[in-house]
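Down below are the structures I want you to see.
In what comes next, chain A is part of two complexes: it sits with chain B in the first one and with chain C in the second one.
Take a look at the complex of A and B:
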């Protein structure tokens, strides 16, 4: 029992995950700065932002649902902490922890649902626009993402727990080495880019257009939790990609692979303009789902 | 006052009927050349996320109620920087039939940045002034219900 509390609150849980997520967020901002030929923020900048938001006043909008408004950031944050505990515990102990890949897929949906909830509870037209766009985004990227995960399941022959997937790759070679695995990797990177709401697909937030979407009414500690949830997502999804297609992060090479995926995400973010929501839907249901289907057929053929 | 407020200043840009020169210079300040992110300065689109409001232009009777309404929604601690000659003392618009006076006649201003328009370097100097002020001063916090 104490062990579980330790897991959730200190080591792979809240404290460690927050620290790691802040580090990844700093890498994001620093690489972006370097790409634009400037210096960029200091190492502790994400911590300063987080701590400052925690010390600020909370403004509750008139006409909104106070309960849902205040709870949804916490829901988003705690779901991501659970994912983090599952992924990191699996990596550290090399054994199946509480959940398998299906639990992770379901838990990764909760932050999107929290965004929809908060947008609906804010009583703000831009926030509800953000919420409706988030719904469309979930509809567009979930299908190709699950198809891409199916490729992994076909290749492992039905092993669903993450430790088993990583162990299988350590014996038989990483899935990215095969053609179907590479296609599934590419599909997952694109889907996760939109799950993280990073730039080609930051339609639900769209700072320049709808001022942060569902986050527009948030201030103080709830905003801090939302921002932290974004950072954690940015740290966890590359980790999940590394575990699914690149053979986990057990060694120094594995950590390099992880950082490589993070930098890939940042490069995609910095070199692409934002799409409109209809373009995104067409892109995901057209070419991305097509590529995912082709990779499933290739996986069945054993390629 | 906690030191973190000086290290992470998210700014909100309020254009109170300016001629747009100051606004263009504010955007210049935020471009990679001047790299305001070094100081933790970030432009945000919503007043709820902001720590600091940049006001440009000569306040007129149409804008003043909006300015007060937006400021009422700002989460404390909150700071105001008046940018440009018009915001400081109305500049060439002094005596116009619709202007209602300089910004600090109506709301509390923490830092003044003069110039028509001020250079980006002057605005960064203003941000540094605000940091010093934050480290010295005291403001309240809590929960505000609208």
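Take a look at the complex of A and C:
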């Protein structure tokens, strides 16, 4: 029993995940700054930001649903901590939980649902616009993402636990080496870019259009949780990509691969303008789903 | 309230909004993501410049109008000196003409670079924002070295200019222009070649030629819609008819065209500046004329500011202060055209379109006071109201 608490709260749970997510967030800000000819923040800046928000007052909008408004950041945050525990625990102990990849896929949907909930609970036209945009985004990227994961399942011959997938790659080589694996990798990167709400898919929170969308009414600790959830997402999704297609982070090379995926995400973010929501839907349901379907066929053919 | 009205959601853009550097209020009426209406509310930044200038001497007004706008800080003085010189019939020395042209064009380049950066920011493309402002920085440094300040150069003077540009300073400016051109090429390539940027900019916020004419838009906004107007060509002043350059023109009227027009204009400005510096180095003589007094009369002055035509009207009854000074800024015509360009598009396009006319609200502000019945107050009534209010406050404080 104590072990579970330790796992969830200290390592690899809340404390460790937060620290790692802050580190990734700092990498994001530093690389972005260097790309833009700026200096960038000090290493502890994400922590300062988080701590400052925690000390601020919480303002609850009039006419909103208080429970939903306050709970949705907590739901989002705790779901992501759970994902972090699953991913890191399987990496560290190589224990096989049959079907945990499905659990992770479901849990990763919860932050999006939390954004929709909070947008609906804020009683603000901009927040509800953000919620409706988030809904459309979920509809657009979820299908190609699941198709891309299916490629992995086909290639492993039906292994549905993450530790097994990583172990299989360590024996047979990383999936990105094959054509279908590479296509699935590309599809997943694009889908995760929109799951993380990064440019060019930061449509649900577009600062210049709808001023942060669902986040607009948040302040103080709930906002801190929301922001932390964003950072954790930014740290976890590259980790999941590394485990699914690049063979995990067991070695120094694996960690390098992980950092490489993080930098790839940052580069995409900094070399694109934001798309419109209709363009995004067309993009995901057209090209991305098409590529995902092709990669499934290729995987069946053994390529 | 009819049923139809209830369906429309109102998105407030402003008075304080990340999209805008200055307070202004746009009520965007939307159905889902589609924009069906736009109401523009001006007047948050009204400073009473025209009234103020009636109490200042002709020389002091230069510094006042310089502060109408922070970015195009020389376009209002430029138009103002044109107006006063038109009033009095002064002929300025040739050297002053070239120096004025250089100041005006330097300002156009750095203002357009600023706009390009902001456009990138509004697209969510912050890298373009930072890069374009990085390229703007050397220009501002040249401004500081040559004109004495990064902004608010105070170079204009009735009858000439305040500071001379000698050969070493001229070479500095020329070198700055030569360094700038490859960067402009790079930015233009980035906009032309990137399919994602094109997908966002094309067709967004289209203002066809007919509507552009009806809304009387000016400057790059008009030239992007295919209307060939440019005060520098149509009614040449300073040295614009002494150098060789072209008006940049596009037909489409969308945000892409506006971007392209501005990029081309920067290149033309660099061309103008280089020619001016060359001609200036061979000229000798004064940079201003001696002025004793401003006679009775009225005059108009125009200048093609980075955002369009700036118009100044000055009327003098003799003496040291003008009787009337009227200012018309370009954004006043351009902002209202958003009403047409935004409707029918989506919210992201609307945000972009509002920014694409390069609005400068504090130049624009007009004020009209009305009572509940919609009757307009005259200036005299307003002064009376204000005096009564002051009296009330004074009484309250006395208690």
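Quick notes
To be clear about the criterion, the second predicted complex is superposed on the first by the 300 of 303 C-alpha atoms of A that agree within 3 Å, B and C clash if a C-alpha of one lies under 4 Å from a C-alpha of the other, contacts with A are read in each partner's own complex, and residues count from 1 in each chain.
Everything that follows uses one rule, which is that a contact is a pair of C-beta atoms (placed from the backbone, for glycine too) under 8 Å apart; a residue touches a chain by one contact, two chains touch by 3 or more.
Every value quoted in this text rests on a predicted model; they were computed, and no experiment measured them.
By the touch criterion defined above, A:37 reaches both chain B and chain C.
After overlaying the two complexes on the shared chain, residue contacts for A:219 are found with chain B alone; chain C is out of touch. In the superposition on chain A, A:132 contacts chain C only, with no contact to chain B. Of the two partner chains, neither chain B nor chain C is touched by A:185.
In the superposed model, A:231 makes contact with neither chain B nor chain C. When the two complexes are overlaid on their common chain A, residue A:274 makes contact with chain C while staying clear of chain B. When both complexes are overlaid on chain A, the residue A:202 reaches chain C alone and has no touch with chain B.
The intersection of chain A residues touching chain B with those touching chain C, taken from the two complexes, comprises 36-38, 207-208, 211. For chain B in complex with chain A, the touching residues are 2, 4-5, 7-8, 10, 32-33, 35, 37-38, 40, 44-46, 48-49, 51, 73-77, 141-146. In the complex of the two chains, the chain C residues touching chain A come out as 9-12, 17-19, 30, 32-33, 120-131, 134, 196-197, 199-200, 346-349, 351. Note for the complex: chain A touches chain B at residues 29, 33, 36-42, 44-45, 48-49, 51-52, 55-62, 207-208, 211-212, 215-220, 223.
Interface residues of chain A, counted against chain C in their complex, comprise 32, 35-38, 125-126, 129, 132, 199-200, 202-203, 206-211, 270-279.
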